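Heads up, the next two complexes both have chain A, just with different partners, chain B and then chain C.
Let's look at the complex of A and B:
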């Protein structure tokens, strides 16, 4: 499984290198120009998952992107279903990682070229001046590792859900292709993974059991009058949420936000099974059924914790 | 497979620490990056590149303009990194003093059914700072540790007493820390899910039939009758069982 993830990351990385090669990677200015055209292209279609800021035209800063990635990662880990893939965010993130890796390489090569002493690459070098110079490099490397960790964990989590729900994904894809095409839901590489995985799975079912059964019982999902046989995500699973409120923090602009008597702002949700109304106060923490808060989650008004 | 079962339920303690380390904290730098940069600027171009901070997760300017003993704000992990290189002192947050913790303790004791407004990462931050920045505290650490321990216990007791109010509807848990939530998550979620199923099976059939239909019934006849049962056993039945 590790190999798969590495492959995906590697492929995504090489993709972004291909774009970078048009500019001179050794010049900062060129690199930045290059990156901004990349963002503009990708921001032409709207980010479905998280509205990063009020003005959709401007490019989110690296910090915003990172913070959003952390939120998306935590959401993905806690949610019972597979959440949409943040195409734009990930494209930006991966191209930044690529850039940063090249930058680090140049910097460390400079060090090697400049220093003739033997302790060059030793970050704990005895020479204090050397140590000071190495500090940015050290921090940048540590930061890069942290970002890579989040992305790996994020993708691993998504792959495990793709494994789990591969038949379900196939089913919704066949049923309503126009509503939520899988291509939006999964990244290009996840799509490849998903397709081959579900093919293998179906073949296994078929070869081991189904083909030995009477023909009228061979369907993978036989729900004539009874229960569907394909695993769906548990929509009512309880999740821990934190109520965030509108992205811009201007409470008046959110039509579904209500101001209570005590001056607290809240969203009102209804639990259909119990016919119960619940007030979700901003900044509070709740344990809730996933289905009840799914819409708020998609708008980024609550996060899973 | 791609994500160990343990991590599917909740976050690991290391991951919690990772999340917390993205928070900001104030430091006193012991180095001046500002001046050094100007110097190297005049020296040559290559040097400039080397001392540049180009960060992806934060504003690099805070790092480029560090001045000795002038407080600045950086993310916790970076503060710890600088601390390890003895390049900074961490400014201990106000709540993490004997006085601050004492106030919280009093609040916890006075309000039996509430949690004091400690920061959401209090347990993690205090633990990290005790370990890695022990020399930056003004108060004796063992006293702080005692109070943290007291707080932890008194809050844990409240949580345990609160467990009897678990229901099938929802739960509000204000001011509970991330580590406390993480610890409770598997238990609370499992219990509430079961309560939900028990409650649902007491309801008329039509309402539940499509909500709880996800259990892959091996026996069609049983499926509609015992929804909760098929649900519980669903993990041991193929297709899940064979692949995972």
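Let's look at the complex of A and C:
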């Protein structure tokens, strides 16, 4: 295979250049049953599609996906509760990683072959030109490692939250099964993890402690006592937020967006404790209690930082 | 006094947690079987007390001794509180231990947990905890082999800086095969290798990053 440095650099650009085309990171969740939106090819993706990408139903570009992943990762790390799992985005990300790994393998094999041929003809062996050719490859590998790290950190963060709130998740699942089924909230693997972990943990508790207690004290999710046994996420946690605004940047279309006297657009939220109205001006940064901005976060109109 | 034993257990758990926060290596102390059994005995005693007080209260109510009945009610209430507290303490203790087992399973990367851990640490675990650890390690292995294989979930949680790193070999580990050839890991030698290739060996303590 003939590898040109231009090709490698071009590929590098499509994957890592941060063009701010950020759509709503949660829009992905709404249409996760639509398998046709799934996007499988990354290399031949035309640049022109970026412009026609304003609607959320069309296929997001790799840049958009990457930006969204970073936003979701940051949200997940900062939010006290478990956020919905981006099914489509993750499928696309994973398949792209796979492709990129395969491509890297092919390229590096090519390099090894080259190195081999140069060492046989050239007795000095270590050819500096050859090493320079390796540079883009190294960049691509570094980039791949970074994306893997982000995903790893994202999943691990979610798993730790699943462990922490396993009883709470079960409670909300039982209470309103029809509204937000857990299957949409978690990925398939996370669901398996959640179920089997709570099962073996309960078994441990049962075997060591609970079965020795009187029968009316054996419940693990007893909220009737003096202290509730189910840990809820800390809704009052303070978070830093940045106001993004509607994803298409057309401010008139967002019904809850208000235009101020000075021509600035803002969202209005009410802090219940203080009975105070706060204007969240677009592109500014605030510190708020999580529950105040929860709805805006779910709609992707603010992000946590 | 009721609740004293449970207090002891909680203090012990707290000490363990603090010790683990200070050092970076997770060490699990011996499961305090005796204390747990004593607390459970206390719980049974409390349960009997409660039943007794309840009976007394009812007979007193029937006889019209309302003042005494109120005293009984108070005793009943205090006993019930102790019972609940004991339960919480026991569960808290066990939860801390299971959390530590979880992190142990993550750190050891699911690799033959029973082989390496059994000799030194398994004596500190109860039979049920061993079973739990085994099951959890299996679960982690399953998780990692799903669609997330490429990500290597148990990999390093610090952002990668460079792909190639210098490592020093701490223990003889024989030969390893990587994309760039075969390395023979002899103690005290140094290599310049790809981080993702040797991640596992660093976690297992064969290599040290320099």
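Keep in mind that, in the parts below, the second predicted complex is superposed on the first by the 233 of 305 C-alpha atoms of A that agree within 3 Å, B and C clash if a C-alpha of one lies under 4 Å from a C-alpha of the other, contacts with A are read in each partner's own complex, and residues count from 1 in each chain.
By definition in this document, a residue touches a chain if its C-beta (ideal position, glycine included) is under 8 Å from a C-beta of that chain, and two chains touch if they have at least 3 such contacts.
Bear in mind that the values here come from a model prediction, so they are computed numbers and not experimental data.
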item: First (chain B), second (chain C), both or neither touched by A:201; value: both
item: Contacts of A:286 with chain B and chain C, given as first, second, both or neither; value: first
item: Chain B versus chain C as contact partner of A:151, first or second or both or neither; value: second
item: Which partner, chain B or chain C, touches more chain A residues; value: B
item: First (chain B), second (chain C), both or neither touched by A:101; value: second
item: First (chain B), second (chain C), both or neither touched by A:236; value: first
item: Partner chain in contact with A:294 - chain B first, chain C second, else both or neither; value: neither
item: Contacts of A:213 with chain B and chain C, given as first, second, both or neither; value: second
item: Touching both chain C and chain B, counted on chain A across the two superposed complexes; value: 97, 138, 142, 146, 149, 153, 156, 163, 201, 204-205, 226-227, 229
item: In the complex, chain C residues that touch chain A; value: 36, 40, 43-44, 47, 81, 83-84, 87-88, 90-91, 94, 98, 102, 126, 128-129, 131-132, 135-136, 139, 142-143, 146-148, 150-153, 155-157, 159-160, 162-164, 179-180, 195-196
item: Of chain A, residues touching chain B in the complex; value: 1, 4-5, 62-63, 66-67, 70, 74, 77, 96-97, 100, 103, 106-107, 110-111, 114, 131-133, 135-140, 142-144, 146-147, 149, 153, 156-157, 159-160, 163-164, 167, 201, 204-205, 226-240, 271, 273-274, 276, 278, 284-289, 305
item: Residues of chain B defined as touching chain A within the complex; value: 1-3, 7-8, 11, 15, 18-19, 22, 31, 36, 46, 49-59, 63, 77-78, 81-82, 85, 87, 168-176, 178, 181, 185, 188-189, 192-193, 196, 199-200, 203, 207-208, 211, 213-217, 220, 223-224, 230, 234, 238-240, 242-244
item: In the complex, chain A residues that touch chain C; value: 94, 97-98, 101, 105, 108, 112, 138, 141-142, 145-146, 148-149, 151-153, 155-156, 163, 188-189, 192-193, 196-197, 200-201, 203-205, 207-209, 212-214, 217, 220, 225-227, 229
